[in-house]
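What follows is a set of notes on a single structure, which appears directly below.
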Amino acid sequence: MTSVNLQVNVGGLLMKNPVTVASGTFGYGAEYADYFDVSQLGAVTVKSLSLEPRAGNPPPRIVETPAGMLNAIGLQNVGLDTYLKEKLPYLREQKCVIIANIYGNGPDEYAVLARRLEDAGGADAIEMNLSCPNVHDPQNACGGGLVAQHPDQVARYTEAVKQATRLPVFVKLSPNVTDIVAPARAAEEAGADAVALINTLIGMAIDPETQRPLLSNIVGGLSGPAIRPVAVKMVWDAARALRIPVLGMGGIACTEDAIQFLLAGARAVAVGCASFRRPDAAINIVRGMEAYCRKHKIDDINTLVGAVKV
Amino acid sequence: MTSVNLQVNVGGLLMKNPVTVASGTFGYGAEYADYFDVSQLGAVTVKSLSLEPRAGNPPPRIVETPAGMLNAIGLQNVGLDTYLKEKLPYLREQKCVIIANIYGNGPDEYAVLARRLEDAGGADAIEMNLSCPNVHDPQNACGGGLVAQHPDQVARYTEAVKQATRLPVFVKLSPNVTDIVAPARAAEEAGADAVALINTLIGMAIDPETQRPLLSNIVGGLSGPAIRPVAVKMVWDAARALRIPVLGMGGIACTEDAIQFLLAGARAVAVGCASFRRPDAAINIVRGMEAYCRKHKIDDINTLVGAVKV
Amino acid sequence: MAHVRDCEIITHREIAPDHRRMVLHAPEIAVEARAGQFCMLEVREGFCPFLRRPMSIERIFDDSVSILYKIVGQGTRLLAGLQTGSVLNVQGPLGNGFPIPAEEVRAILVGGGIGVAPLPGLAETLVARTGLAPEVVLAARTEAHLLCEQELSQMGCPVTLATDDGSAGFHGFADKCLRRLEPDADTVVYSCGPTVMMRAVHTVCVEAGARCYASLEAEMACGDGVCMGCVVETNTEHEFGKMARVCREGPVFDTRDIRWSAYDVR
Amino acid sequence: MAHVRDCEIITHREIAPDHRRMVLHAPEIAVEARAGQFCMLEVREGFCPFLRRPMSIERIFDDSVSILYKIVGQGTRLLAGLQTGSVLNVQGPLGNGFPIPAEEVRAILVGGGIGVAPLPGLAETLVARTGLAPEVVLAARTEAHLLCEQELSQMGCPVTLATDDGSAGFHGFADKCLRRLEPDADTVVYSCGPTVMMRAVHTVCVEAGARCYASLEAEMACGDGVCMGCVVETNTEHEFGKMARVCREGPVFDTRDIRWSAYDVR
C-alpha cells in the first residue's frame, strides 16, 4: 500500500483529512499556530460569528466537571467585520480550509451572515449554530428552547441560509432532543448539505458551600469525554437516517475516539475541548488516522464511514 | 443545635434521611449487607421487577467510559414471585423502607405488579421504570422510543398504576427528551406522587480494533459522574415546574454531589453506580449530609430543597 | 464476608515482561479468602478509570494476599505505577473459590498465560487438604511468558510446560498437553486462561469423563452481584436463571454448565 | 511562543504549611518567559481532572522555571503528590508579563498570600532592568503563611511584612501597609493576591496618583485565548471588547482598566 487517502467530501466541502476543530474551542486558528501548522487540518472551524460583536455572559463562565466541563460563554466573538478584516487574512495566508460557524437572531441574520461570508471569501463552508444553550434567540418562534429543538424552525432557518449562499451549509444540532433524527431530517429536507452534531448537553453545577450556581448564567453546556458515548449514539442514529453526511463531534480526544465516530457514520469529525488539554490533539488525530489505516490495511478512510459491524 | 432533622416525605413515603440507592445498582439490598447496615438508608430501591423473571441481554453488557459507564443489562431480574419469596423477607427483617422499581409490558402489567406488591406488603412505594433504554415495550403505543419520551404514554401508564395501588407512586423519567418538564408534568397530572430522574442517557461505544459495538445490545445507558451536570439541570427544571417532589439521581458519588441535587430541588436522592466503586457510598452520604447541616447550621434538611440561590 | 480496605503494597515486582506480582497487606481479606476468589482493585482515586479492576487472588498468606497481573490497558498500567509502601483500595474476597475434593484425588491444573494467576493458591490448598500435589500444565505464547513454574515446583507439583512457539517444553496448546497426561473419570481438572483454551480443556475432559472447573472472566462493574453486568450463559438454572453472574455464581464454574457456544457470537 | 512539553521536576519542596515550590526543567519555556507570565500544568494523565491548572512562573532560570503553589483542591493535591524526577506536562509561557519601566523608578510590590508567587521573578527583572531593587509588602493571614521573604531580601528588596492577625510585622491588611510607604505619582505598584486586596491596593494608588498593575486570576479552560472562559470586565476596549481575556490580554492589567465593581455581583 503506497498511500492512504484521507480526503473526504463533506456536503461539497473537500477536506484533505476528516479532522476539523469544534467551533469555540480553537479561536480563529492563529491562537494555536504556536503548536502546529493549523493548515494541516482538514479544516479550521472558527468561533461562532455574529453580525455585531457580542460580549457574552458575565463570568464565571467555566466549570470543570468529571471528564468534562461546563461552559456558558454566550458566544462572545469579534463580529463579522472584524473577523473579515483581522482574522480571515491569516487563515487565507495559511491556506486553511475554513468552516465559518455563524449565529444570528432569526433566519434573516443567519442569511445575511452567510451571504456576506460568501461574498467576502470568508468561508469555504457555513456551519449554522442552531444549538447554543447559552444564548437566547428571540426570533425562535416556538416559545423558548433552542432552534435545533424544533424541526420546523430548523427547516425555516436552514432554508433561509440555503437561499442566501452557494457555499456548503452544515446545520449544527443539539443533543437535547427526544430523537436526533427529527431535526436532522428537517435540515436535510430544507437543503442542508450536512449536519454537525453534537453541540453541548445542557447542564448545571452548584457550589454546595455558597449554594449558588457555579456559572453566572446558571446553566451551561457540557462537553468533553464525558459526553462521547451520547455523541457516538446520535451520530449513528443520524447517519443511518440521512443521505447527507454527518460531521461528528463530542468528547473526541484521541485517534481511537475519532475512529469510533467514523465507524458510527460520521464523514468527518471535529475535536473540541480536548484541545484545551492538548493543543495538538487535532493534528495528532490526523496522524493517528493515517497510522490506523495502515495498520488495518485501509487505503481510503471513506470506507470506514458507517462501517461499524452490528 | 441538638439534632438535625434528616427526615423527608417523598410523595407520602417517609424516609428517615433523603438517601436511597438507584434501581439496578444495589441488587435487593442483601448483597451489600457485608459493607454496612442497609436499613440505615432512607430507603432501599430494588432492581426493576417484572412479572416473570427476565434473562436480560447477551453479554457484553458493560463498558467503562470516561467518568462513567454504559450498561445494557436489559432488566435481568428474578421476577416478582421470587422477589416476594426470597428477597423481601430479608428487607423486611432489616426494617428497610422499600421502593420497588417495576417494569412491565404495557400499563396493565405495571398495574398488576403494583397491586400485587401492595397486597404482599412487598413495597412502601412503587417506582415505575418508564425509561430503560435497554428494553423495548411493545405496548408503548407510539412507534418506538421509551414510554418516558411520550408524555401521553406517561400519563396512560401512570393512571393505570395509580388506579391499582394506594402506595406512593414515583415515575422514573428519561433524560433523552427535549424538555423534561413535559413528561414530568404528564406524570403529575396523571396522579404521580413523585417523579424520579434521571435514568441513563442513551449512548454507544465502538471498539476501533474490532470495529464492533462494545455492547452486544449495540446501545446502552450512560451513568456515573459524567452525567451529573445533566441530571442536576433536569432536576432543577422539573422541581420548579412541579408541585410533587423530585427524587434526584445521576452521577452522585459524594455528599457534595447529593447536596447539589437537594439545592436544585430534589426532595431526596438516589446513589447509583457510584456504589460499584465504593459500596458504602450511599451511607457515607447520609453521614456527610448530617455533617454538612451541622456545619451550615441547618436544623432541617428540607430547608435545603430547591434553595439554590440564583 | 467481603471487605473494602485501604491496603499497603508490601512488595511489587516484575516477574516477566509486562507481568507483575503485588503483595498486599490485607489481614481481613486474607483470613476469609479461599483459592479462586478475586478482589476488585481501585487503581486510582478519582473517576478515570471509573470502575475497579478484578484480579484473582494468587496466594493467601497470614495477613496478606498476592496478585499476579499482566499490563494490558490503562488500569493495569496505573497499577504498575504504584510503589511499594503506597496504598491501594481493595474490595474482597469476592466470588466462589475452586471446589476442593474432600479426599485424595488426581488433580491437574491447566493455566494459560496470565490465567495461571489463581493456580498457586489452588495448588497450595490442594496439598493442604488432600495431601497430594496436583500436576500442572503451564502454557504460554513463549518461554518468557511462562509464569510461576518455580513456585509450583517448590510446592511439589510436577509441572509440564507448553509454549505456542515451542520455545520451551511441549510445542503446542495446553489442551494437547493435557491430553497427553491422560486424565480419566477419577481426575479433576482446573483451568484458567484464555476462553479458547478453557473450552478446549473442557472438550478434553468431556471425552475423558474427567470433572473440570474453569475460572471465567467477564466485564465487571460491581463484582458483588448487583449490577448483572458479568453474566455468562449456563446450561442449568442459577439464582437469575441461565444467565449466571461470573462474580457471584462464579468465577469458577463446572465447565459442563457453561454454554460455550454462546461465546461464538461474541 | 508557547510550548507544550513534558518537563522533569528538578526539585519539589514544602516552603510553608500546604505551600510548595517546584522547579521544572523547561529550557524552551525558560528562554521565552518573562516575569508575570504563567503556565498551564496537566496535573495528571487521564480526564479527571479534565482541565490544566494555571500557575504563575515564580522565577526564570537558564533552563528551568519555578512555581510556587498552595494546595487548595484536587488538582493542587495531585500536584503535591508528584515526586522529584517525575515528569509533568507544562504549557507555556502564556499571557503577558508585568510591564517593566525602562528607567530607574520607585517600584513597590504587594503580594498577598500565595499571590506572592510571581513577585520574585518580577523583583529580579526590575533589578536587572532598572538597577533598583523594588520595595516589597508581603501580606498573609499569619506569620506561617508569609512566603519568599528571604528570597526577596536577598535580592536587595526592603521587605515590609503584614499579617491579618499581627503575628508578624504590621498588624493589618496590605493596602494599609502600602499607604504607609507613601507611594506617589512617580511610583509604580505591582500587586498580586486576593481580589479584595488588589482592589484596595488599586484604591490607594488612585488616591496617590501611582501607576498600578495587578495580576488577576480567573477560571481558565484553555489558557490560550480560544475558549473565552476567563474574561474580566474592563473599562477600555480590547480585542474582544470590554470583556478581556485574563489569559491573553492579562493576566497583568493596569488596575485602572479593571471594572472592579463587576466583582460585586459574584
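The letters A, B, C and D name the chains in turn, as written, and every chain counts its residues from 1.
Here is the rule we use: a residue touches a chain if its C-beta (ideal position, glycine included) is under 8 Å from a C-beta of that chain, and two chains touch if they have at least 3 such contacts.
Keep in mind that this is a model prediction, so the values were computed, not measured.
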Neighbouring chains common to chain A and chain D, by label: B, C
For chain B and chain D, chains touching each: A, C
Copies chain A and chain B - rotation angle from C-alpha fit, nearest 5 degrees: 180
Higher-contact pair (C-beta pairs counted), B-C versus A-C: B-C
From chain C, the most remote chain by mean C-alpha position: D
Rounded Å distance, chain B centre to chain C centre (Cα mean): 36
Distance between chain centroids, defined by C-alpha means - chain A, chain C (Å): 47
Intercentroid distance (Cα basis), chain B paired with chain A, Å: 34
Distance from the mean Cα position of chain D to that of chain C, given in whole angstrom: 55
Per-residue overlap in chain C, given as positions that touch at least 2 other chains: 47-49
Contacts with 2+ other chains: residues of chain B: 65-68, 224-226
Chain-level touch network, classified as line, ring, star, complete or other: complete
Complex interface listing, chain C residues touching chain D: 46-49, 74
Chain D partner contacts - residues on chain A that touch it in the complex: 24-27, 31-32, 34-35, 47, 53, 55-56, 58-69, 71, 73, 76-78, 216, 224-226, 253, 273, 275-280
Interface residues, chain A side, partner chain B - complex: 65-68, 70, 145, 149, 176-179, 201-206, 208, 210-213, 218-220, 222, 224-230, 232-233, 236, 251, 255-256, 259-260, 263-264, 292, 307-310
Partner chain C, residues of chain A touching it in the complex: 66-67
Chain A-touching residues of chain C, taken from the complex the two chains share: 47-48
